[in-house]
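In the part that follows, the structures are each spelled out as structure tokens.
Two complexes come next, and they have one chain in common, subunit A, joined by subunit B in the first and subunit C in the second.
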Partner chain A sequence: MATESGGSEFVDTFPDEAAIIKASFLIAFVSLGIGAFFGLIQALHRTNVLRVIDSADYYTLLTGHGVLLAIVFTIFFLCGVFHWAVARSLDRPAESALFSWAWVGLMTTGTVLATVAILGGLVPNLGMSADVLFTFYAPLQAHPIFYIGLAMFIVGTWLAGADWFLSYRAWRQDHPDERIPLQTFMVLTTMIMWYISTLGVAVSVVFFLIPWSLGLIESVNPLLTRTLFWYFGHPIVYFWLMPAYLLWYTVLPKLAGGRLFSDPLARVVFLLFLLLSTPVGIHHQYLDPGIAEGFKFIAMTNTMFLLLPSLLTAFTVVASVEHGARQRGGEGYLRWLGALPWRDPAFTGMALAGAMFAAGGFSGMINAGMNINYLIHNTLWVPGHFHLTVGTAVALTMMAGSYWLVPQVTGTKLYSRPIGLLQVIMWFVGMVFMSNAMHRAGLAGIPRRTAEPQYQNFEFLTPIGSIFELRVQIALGGTLLFLSVVLFLFNILLTSLGEESDRPVDSYLPEPLSGPEGSPRILDNLAMWTGIAAVLVVLAYTLPLAGIIQNGGGLFGGGLPVPATVSAGFDLVLTTVTSAFNTLWGVVA
Partner chain B sequence: MEIHAYEKLWLALALVLIVGFIGTITYGAAGAGIDMIDDKGGTVDPATLDQHPKFGDPGIERNGENSYDVYVVARQFVFEPGTTEPLRVPAGSTVTFHVTAADVIHGFEVVGTNANTMAIPGQVAEFTVEFGEPGEYGMLCNEYCGSGHHVMEGKIVVMEQEAFDSWYEQQQAQGEAEN
Partner chain C sequence: MKLTKARALILIAFSVPVAIELRTVAGFFNVELPLIAVAVIEFLFLALLFVLYGLYGEGSESAA
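Our next item is the complex of A and B:
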């Protein structure tokens, strides 16, 4: 296995895969640069520090910021990491380089179309815009190109998943009795979760939003498309997070000087995410009329249990890092922290990202609390929360991971470790300022997604500090974050232009302390786990969706009665799903 | 499968924490009686909102002693009532809000309180609020609803009972005169 060879570099062993990964990273980093620049303009605009755009254009940039960072940057980077992880851990190239290029091409085309539609909003008289934000709630409408680009992007990710499953199938034929290598296990479970969850957004976009934006159907049912969005909108959070978890589990312990504590528990964690990521989306809709309280309660319970895999991860990752520190001579209850390689930007970035994820987890527990949520729903608290999770746990881990991964696919040494170290620390400090201020501003009732929260009728009050101080912190934090991205891009660009090196980075990954041998084989039974995940989704969503369609103006809303054929068809689907569920339940039990 | 002793302890503590969270929320709902927005508000046809018996002319209605219903329509970029005219309620009253949207999805937030709901075309959000002392509250739209989203705001004025009564009677008289 590649884990034990360590001699030859990834780019030499897998040149085709390295090219795919470089292309994915390139698009991810270009999106990161543009998205971060929009973020800077927003941070300065809404705090009234500097206004270079019209408030109406704020929402165009905000849509660009959300789509380019939360969809394009994260998912293209994920594709690069997963492509690397599958080739590395199975020790075999992809089945067809042409097929790999096909998904890169499709995702890129989708990205370009959606971005053009969004930026069209900045050009008056063009007649093209997509000022609908990352959540694109109907009846706000975007140009059809936006939805079509989005659909192409999603289909591209499906093909990428197929690429990795094909690799796995080929590997399985040669290794009928081996356990699935851990990194591939992580990739496959994440992709199964993604297939289940993207069904929601695919149905929403293909059956409702595209025909509606083309004028083929007159209206949509706003609560239905919103619910279908969140059916996908929460699992995407874990789609962002899983590549970061993959790096924390399989790379961070090595960077710390040790090895992963437990392989079986890592598998359990990824399975829990597969099972619980999707049947929780309604927790984004605690304040929505038209959804009964019981369904919200079910989503809340599932959400709270989703804390479990993250709490287990906290244990395993910290234990693995501590093991690394002790291997390096660290001692004492806490003094071992000093023995960690803090000068390595890849290690320090990931460690800081993990620490911030803990803080993000706590504010997430407030969001998840069904009735406490009323205090902070749609306030600045929420972006404060997810800039800790996707904006730091994920983004900072990806940037830090790049310092170790990019040299493996370019064959060149990292341009500057000190600049890398400065960059990750700057991100951490910038986010401390911005995120804590956003959380506190949210408690004062300041809304999110608003160009200028300076109202005529009332003033916001905060118990500690002042609103002015919060604005200064947000503007300062946003500026530091942008400068950090500039340093990152500069460092990566110069790295890729550097001279080829025989050994650009120590890419050897040691085996875990407890290997997979002692764990039950049922953990690797992907078909069974997929079945259980599907059952949980059916349980959480069938009745709410039925209620929304039957009581809320039908499939297409607009107060039109549901056509008899559609209604009968829906009943048929409901009966089929129920009987399929009963059968499945029989099999599992 | 080998699980380390510390790992087992951590797992147990994590489960206790999770069950504890669910317990507090359940207590909040069942014990303290914090109500959720749900489907009890029913549905309306957003296309014919103008002809609706309540949302056609939204505002406040007395339904018992110290007890009122308030109908609010959110549309780009105003609350009716709330934006051009403040939404007036009497001090010490129990008010049930019925909120819907006429065009796109909006938010309805009474600033600094947990009175907060989504306003979705076709759906009616229903929730009950107790108003205490006289005073003023700001209200704002907290769901992006278009290029003028940031100007969508309003005011709730909590009035002394007597002042409210005379205002309310005047409103009723005006309404009857118009009909």
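Our next item is the complex of A and C:
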């Protein structure tokens, strides 16, 4: 990790990059504000505490909430982080500022189009809506501009990735024998994973959903669009998580007063995510009737392997933080915890995010188990789970990271540390209430994605406490979370309006305890890892996709579905390959 | 170790999940804890923290 040149600040060394990052953060934070407001309305509505909207509009807001938070906020923010990480770790500006603005512009245009389509659903007689939720697969159908906006957004992220690869290529020419700096390595591996996985959703949107919503084709194969969505829908969770990991590995140890334990281990973890995050998407489809059980079993096995890099991360990050605490004079088995810089909202926020992620990991294992998944599938347990992961491990890390990153790109000091600290703690407490109650409600069978989960002549039962308490906890937690977002936005706004400072924040990052020198160079062979990742994807998806096309009535649906078997897909692949071979043979002979 | 405001806030934060699931833990030992008992326990914890903060908190010396 290169040290800052001459002690000058990021915004002075890289003014163009700082502008790009500020723009990305701005859009991320606006989306966060709107999305959190929708979240509050949902939390109060479905618990029947306060109903300000018509239940029919619930899905419009829920779509806005999911898209603006899980797609727009997270991805815009991570693009800012990646732009920062590449410039600082390669110690060079992007190749072309104009190109950088091009991806920011394209992603922003896409966001505006998709958001207009979604919010159009609130205006009667407009004839425009996109109440398809953030998973947007058929048979739900949105206005074409929703899909077009989405496609523009994704192409924008591709260009952003190209921007960072171009920087890397230019750097490589000047440094032919050096190891890839860790932060850039993390960005590049994440982007390779993103390219592989967005291919699926791009095919789904461009070939099926856009033509279908324009009326150019009559029907689609719904299971195919679902499967293509989840082909991308699992890797996207790592697209959210890896920037958080980047901050945990390279920034959190410094904030704790120490340094990263092992650079090579961090590289191994990112490679494992590159390899393993795509061939598991079917674990979201355990209840889909059109996919044979055998494929689901394979997806489950792959998923359990993903625990490995997650646990490696937990151990490395905790070890690095403990090292920091001991540098600060911490002692004992657990007493060192007290020596950590809890007053610093950037540190505390990331540490709390990590703690909640551990809980999210445990509930995730329940989701991943093929049989136990049936217990919680489509219940409120699932939002309970992912508000710990993307909603806290990622979102809270991003907010906490902002307290350290935003001053670097604005050149102004953080407006208030105490408010920042209060904010991250409020998020933690709010999420404990909301997420825990959601998990419990899910165990009681309360469904997700429902405006009024209150039924006549039917009572949900809980083993301990009451459904009423759970409702109150969800509403209370949601309110605290919303207030926390308000505090965050207010603090960041006042920070950016503050006076320029010579030293807005201590942005120096120390070298890891164990550097990359001793590790095998093959870790840096990105082309090879990309190849292996692609092979794994082909192995995991060829037969299931062939089966879905065969059994689900063809590429565009319409035919009569037949029961799913492993052999159906195999037949299709076999006939396709034989006929291709025969044609080839005919040409050659 | 000094009980700073930040440390006190962290302790409060971590007491919340413990309080929420206290009845479950008690249930493992076949103890049926009513909601009000949980509220009282959490209240006592906060009161204790308040007292400790008064004794050893930031106010007792210059802020750390």
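In this text, the second predicted complex is superposed on the first by the 553 of 589 C-alpha atoms of A that agree within 3 Å, B and C clash if a C-alpha of one lies under 4 Å from a C-alpha of the other, contacts with A are read in each partner's own complex, and residues count from 1 in each chain.
Note that in this section a residue touches a chain if its C-beta (ideal position, glycine included) is under 8 Å from a C-beta of that chain, and two chains touch if they have at least 3 such contacts.
These figures come from a predicted structure and were not determined experimentally.
Asks: With the two structures overlaid on subunit A, would subunit B and subunit C clash, or do they fit side by side?
Replies: fit
Asks: When the two structures are overlaid on chain A, which partner does A:L214 contact: first (subunit B), second (subunit C), both, or neither?
Replies: Neither partner.
Asks: Between subunit B (first) and subunit C (second), which, if any, makes contact with A:E469: first, second, both or neither?
Replies: A:E469 sits against subunit C, while subunit B stays out of touch.
Asks: Can A:N436 be said to touch subunit B (first), subunit C (second), both, or neither?
Replies: Only subunit C is touched by A:N436; subunit B is not.
Asks: For A:L50, is the partner it touches subunit B (first), subunit C (second), both, or none of the two (neither)?
Replies: In the superposition, A:L50 touches no partner, neither subunit B nor subunit C.
Asks: In this superposition, which partner touches a larger number of subunit A residues, subunit B or subunit C?
Replies: Comparing subunit B with subunit C, the partner touching more subunit A residues is B.
Asks: After lining up the shared chain so the two structures overlap, which partner does A:L126 touch, if you call subunit B first and subunit C second: first, second, both or neither?
Replies: neither
Asks: With the C-alpha centre of subunit A at the apex, what angle separates the C-alpha centres of subunit B and subunit C, reported to the nearest 10°?
Replies: Between the subunit B and subunit C centres, as viewed from subunit A, the angle is 90 degrees.
Asks: Would you sort A:I425 into first (subunit B), second (subunit C), both or neither based on which partner it touches?
Replies: Once the two structures are laid over each other on A, A:I425 reaches subunit C alone.
Asks: Enter the shortest inter-chain Cα distance between subunit B and subunit C once the structures share a common frame, rounded to whole Å.
Replies: Minimum over all C-alpha pairs of subunit B and subunit C: 19 Å.
Asks: Touching subunit B and also subunit C: which subunit A residues?
Replies: none
Asks: Tell me, which parts of subunit A touch subunit C in their complex?
Replies: Touch list, subunit A to subunit C: 335, 338-339, 342-343, 348, 352, 418, 421-422, 425, 428-429, 432-433, 436, 463-465, 469, 473.
Asks: Any idea which subunit C residues touch subunit A in the complex?
Replies: 1, 4-7, 9-10, 12-13, 16-17, 20-21, 23-24, 27, 35
Asks: Residues of subunit B touching subunit A in their complex?
Replies: Listed in rising order, the residues of subunit B that touch subunit A are 1-4, 6-7, 10-11, 14-15, 17-18, 21-22, 24-25, 28-29, 34, 36-39, 41, 43, 45-48, 99, 103-105, 107, 109, 111-118, 120-126, 136-150, 153-155.
Asks: In the complex formed with subunit B, which residues of subunit A make contact?
Replies: So the residues of subunit A touching subunit B come out as 55-56, 58-59, 62, 131, 133, 137, 139-140, 221-223, 226, 261-262, 264-265, 285-293, 296-297, 300-301, 304-305, 307-308, 311-312, 315-316, 319, 365, 368-372, 374-375, 377-379, 444-445, 447-453, 455-461, 514, 518-520, 547, 551-553, 557-559.
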